[in-house]
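Two complexes come next, and they have one chain in common, chain A, joined by chain B in the first and chain C in the second.
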Partner chain A sequence: MISFGNLARKPWIWSWMAAFLVWFATIMVTGGASTLGLSQAALTFAAFSIIVGIGQMFVITLGPGNIDLSVPATMTLAGTVALKLMNVENGMVVPGLLVAVLIGLAVGVGNYALIKALRIPPIIATLSMSFIVQSAAIWTNRGLRIKPPSVLADFTTSSTLGVPNVALVALGLSLIAWVLLEKSVYGRWISAIGQSMAAARMAGIPVDGARFVTYLLCAVLASVAGYLLACFSGGAALNMGAEYLLMSIAVVVIGGTAVAGGYSNVPGIWGASLFMFLVVSMLNTYGIGAGVRLIMTGLIIISVIMLAGGRRTGMR
Partner chain B sequence: MAKDMKKAVIEVDGARVSFGAVKALDGVTLSVMPGECIGLVGHNGAGKSTLVNVINGGLTPQQGTVASDGERLDRYNITIARGRGMRCVFQELSLCPNLSIVENTRIMHHELGGFGWRAKAAKVIETSLDAVFPGHNIDSGQPVGDLSIAERQMVEIAMAFSDAGIAPRLVILDEPTSSLDASLARQMLDHVRRFVASGGSVIFISHILHEILETSDRIVVMKDGRVVAERPATEFDHQRLVEAMGSVAKEEAFQRSARELAAAPVVLRHQADGIPFTARQGEIIGLAGLAGHGQTELLLALHAVQSNAWWPRRDPLVTFVAGDRRLNGIFELWSILRNFSIASLADLSQGGVVRTAEEAERGADWKRRIEIRTQDVDNGILSLSGGNQQKVLFARALATRAPVILMDDPMRGVDVGTKQEVYEIIRQEAAKGRTFIWYSTEMDEVRLCDRVYVFRERVITAELVGDEVNEINIIAASFGGVAA
Partner chain C sequence: MKLGLTSDAMRLVIPALSMTVLLAAVFWLQPRAMSYFGLNLLLNLAVPIALATIAQMLVMAVNDLDLSIGAFVSFVACVTATFLRDAPLVGTLILAGAVGIYALIGVVIYLRNLPSIVVTLGMSFVWAGLAVLMLPAPGGQAPDWVRWLMTVKPPLMPMAIVASIVIAIVAHLIVMRSSLGVLIRGVGGNQRSVERAGWSIIAARAAAYGLAGVFAVAAGIALVGLTTSADANIALRYTLLSIAGVILGGGEFTGGRVSPIGAVIGALTLTLAGSFLSFLRISPDWQIGAQGAILIIVLALRLVFNRVEKRRAQP
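Now for the complex of A and B:
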């Protein structure tokens, strides 16, 4: 308890507390019987939102107006094309991943080209990009549902030492993101750009380079998440990315990242992603109907944001 | 009403304000009579701005009272203050940049409601602008964001003197001339005297001492949250005022050593209309002329040509010290240390990762060298006073290895002592071979330069070298044709 005061000022603490409370409330109902199962399911499903959310967080850090709406389409296209290329052969796992990453890079380049060359605001640029990408996905997929190679299907659905493999992948990516954000020069740059682009430019920061890399990073993370999700769910579907549009933004906001840019954190993404999954399972456990459940989910999210929003003083 | 005339417009008695451990005001007593201009001077952090905030109702003192017209005001706030005719022009410009001048006027004057408020507001602000700055050429329909910083300040000053129902009785001017050139400052000071002659009161804060001496009736000197001297202006002169502030600054402008720099290698060139711009190694180059005549634009152009927006430069040629620090200087969410180190991260990192120990060490070193007044460089940048924020920006630029330093009127709102310290550092760095390109609105600073380019109508119209750098030549070149 020595540093509880310090801890309470961390903007991510609220999403963690919320996730824990909901987790606790859910296992209480079942008398603790479902503890392991619920925790594993939460980690598995949260892993995808974490990977996508981290990318979105980097983009939102760039400041007002920066957002990537092409995330769901990128996930779908990467999943579809990778599965088609791998064609259920275990030897093609690595080329499949490479193709997914390449698709991410291409989408990122396209996004920033639209933003910079045509001077379109990011919200419009990435939305238009997402139509192109989604159409490409429809054209490649043609309604076929190709199964993932068995190695990948096993990997994504099983656990190591009780921790789901996808959560371990998310953990690895989060560590890299944390180092980038907190320790690297690049992290300083994007935080500076998010606070004042004019000041960042005058301080000698390569503003366009940093923003470009950030949009690339977001698209690549989305495509990796799409690749994993397609393998996890036994095949790519055209609507598989749909729920990750709002999800990626919600976890960033609930996680305590400043919506106006310039300040963000990685741990909050974890708390928020777990919370988002756990809320739904809690309401399910209580046997609440779908309509009421959606309303409750909305209300709970709003209250967490309000709680977290009032405590943004400890930032650096 | 005749009886009220003898009572003080505002009377602050024994006010104490502290922010945490910092005592901003330590028992200050001050009264302002009608028809009086009070000059308020002191170093950065002496408590001037805090006192102003107590008077305009923005801050309630933890101890002490505020009275107006002989009536003690226990519940004093900004609305009551405005209702009593208190007006304030802040050091930080406070107009909304996305709104037009007329719309800003409406925001300031709640009385301007109902149908046809645009016409009423336009009349109010234009009358005032014409009165304070005759021949100003500012269209009141323009958005504030399109105005130059000097024009913005003019509007702000005119706003304070404008009358839309509640006539101004006490106008507080906090560094009002910092972005104005000499002729505009003159117009404003003349208006202050007219306003005082007609029975109004003014509290005038400025670091330009001759303005204080010639405009005020009474001068109040503050130091460390206390009033240390309060006498009629006639009993002060430049020297005594500086002594009263406790400044160790040497007041004589330093003598330029006659340096022969014509042979030094050229580090920077720029060709636009007018006289071509060149900068040699080790030179201090002044950009003079009336405020907003293209000096900042030249600095921005020099910076833009030399920097790469896509890839970081390992050895940047130029670095920049902002004058408009809210616009292109500070990062508000960050600590002092991060604000300081951002431009030299290339030197403070390895493999893209910041070496925080080295960063902290260099920050502590510069905190000591340039005397940034804070207990901890990990405090937020906004915890510093304006002058100290400016010092951080200065340290940011000097700590880089860039051989050319562009300065966009960086001494705005910096106290006399600090200025002398910074001039000394500039001189030392120039002797080591660094080049300074320095836009300044203050004649004293321009006179420190080896060579001066004078701007008129966004073009360089004159180049003055060595002994030609003097006030008469600069004014002559700025006004063009009108010989001084």
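Now for the complex of A and C:
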């Protein structure tokens, strides 16, 4: 029971339990027939929110007011431009990925430049940036729907040993994120900045450098997610990033990361992402229409926040 | 200060300047816009945006952020185009209930100490779901009185300008001149001292959110008056536009420092930015981008302005 007591104190355990409960409730209705299919679909769709959510988590860790609203626009632009560059040729897969990462780097640099140079709150800086990035995406897209190269389309839609490939990518990135957060000095730095920026500065932590890297990281992860999502869904669409604005914030918060910053964890993102997808598919299984499904999703997010949150002051 | 202006008035200088410059540029590119009809065409879509911006401003005044405004205005638009036309009493009750929910959310966010961003994002799902239930496909029709209100042609000035001025004055009186407004801004400035002074934080927050709900309802009704029909996604972009409008108008993110007149000017500026591009014959693809660019330019100007002010203050 001691180990259970320790487990119950972990902030991420709740999102995992919620995900499991919803998974179980869905399986019960279908009589266990779709267990494998449901689990695979959940891992696939959760993978995108996980990748985006990790980036957002790093940003939120930086403390009150830090949030990246340019995530959806970055995803859309990266997906659009990468697909356009690859032009259905298999040989261009790597350059496509590089371009997506470059776009992420550019958006990240832009975001932090605005925050630093104009001394405006990150929400406003990333909001203005996202307007511009979104426009660039509309301009490059022009209603065209270019198919992804067949290698990538196959890779993103198939599985290895029963686990979807995109989930494996998300797992790899999560491991890196976990090492960065828990084992590296950078992870200590951003937690320290989130807990008290003034104290971090006095302790000699390179605050600006660490914040800059964090915004870069978030934008790059968003662009990688956009690249994968565009390949997975058979082409980039202008609204493809839209739902990930809420998603990236929701999974971080439901996952047990303190919204006020300074405390974060990677496993919670997984539990929360799986939970968010499973809720939608559970409501689908029960045959509930789009309107009610949206309402239920909203109410569930709010109730999870009410149960989980409400200790620390700080973030709006 | 040397000019004898209050700091509130100084706050309005940059927004007013940027709107004037943009308006002058539009007139220069298209002199025919300088008419009763032209101005109305140019600015009438700004009326609902201005109302939504005031709503967002009220929430920002208590240091929160409302990410559900776009979905809420869409929801109100759907109610207006269906219930408010066919069964005015039911429609009014629904809208009143929605305002009540807004106030309730403000209280819940405070009592449970929740992040407003996440709660309002969750609410945006709820409003969007309700809107889809009412109007699964675009449709409905604006009530006649709403249509009349938005298309009436007052003498001297077009409706868009009259409405903007009325909105600015009403919001100014509520937020800057009434004791309730002072209380709301006080909560944003220093919640603790307001509480110690014996005021009820719960009431102040409920009032701020409730008023925001009222203005957002007005935004939805005005929008339907212009478009004549509604759609569940009609106003989704209002969320980001309203935040941008508040900031453009000299409002600040924390500390309860907001400016209702500035917010209306900010909304007008954002609307003008779109028309300006089309007069320049630049592809409408860049319309959102231009709004972002204007936001950045104005914020940069404000920084320079503040620095000059500071240098003048300490010679």
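The working rule: the second predicted complex is superposed on the first by the 307 of 316 C-alpha atoms of A that agree within 3 Å, B and C clash if a C-alpha of one lies under 4 Å from a C-alpha of the other, contacts with A are read in each partner's own complex, and residues count from 1 in each chain.
Assume a contact is a pair of C-beta atoms (placed from the backbone, for glycine too) under 8 Å apart; a residue touches a chain by one contact, two chains touch by 3 or more.
Predicted model, so just to flag it, every value in this text is computed and none were measured.
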{"item": "Touched partner set for A:94, first chain B, second chain C, both or neither", "value": "neither"}
{"item": "Which of chain B and chain C A:161 touches, first, second, both or neither", "value": "neither"}
{"item": "Contacts of A:179 with chain B and chain C, given as first, second, both or neither", "value": "first"}
{"item": "Partner chain in contact with A:118 - chain B first, chain C second, else both or neither", "value": "second"}
{"item": "Which superposed partner A:188 touches (first chain B, second chain C, both, neither)", "value": "first"}
{"item": "Contacts of A:263 with chain B and chain C, given as first, second, both or neither", "value": "first"}
{"item": "Contacts of A:209 with chain B and chain C, given as first, second, both or neither", "value": "first"}
{"item": "Comparison of chain B and chain C by chain A residues contacted", "value": "C"}
{"item": "Which superposed partner A:201 touches (first chain B, second chain C, both, neither)", "value": "first"}
{"item": "Those residues of chain A which chain B touches in one complex and chain C touches in the other", "value": "315-316"}
{"item": "Residue numbers on chain C that touch chain A, as the complex places them", "value": "63-65, 108, 112-119, 121-133, 136, 240, 243-244, 247, 253-254, 283, 285-293, 295-296, 299-300, 303"}
{"item": "Residues of chain A touching chain C in the complex", "value": "65, 67, 69, 114, 117-121, 123-124, 127-132, 134-136, 138-139, 142, 245-246, 249-250, 253, 259, 289-299, 301-302, 305-306, 309-313, 315-316"}
{"item": "Residues of chain B that touch chain A when the two form their complex", "value": "303, 307-313, 316, 319-320, 322, 327-335, 338, 342-343, 345-346, 349, 352-354, 378, 380, 396, 400"}
{"item": "Contact set on chain A toward chain B in their complex", "value": "179, 183-186, 188, 191-192, 195-196, 198-209, 212, 258, 262-263, 315-316"}
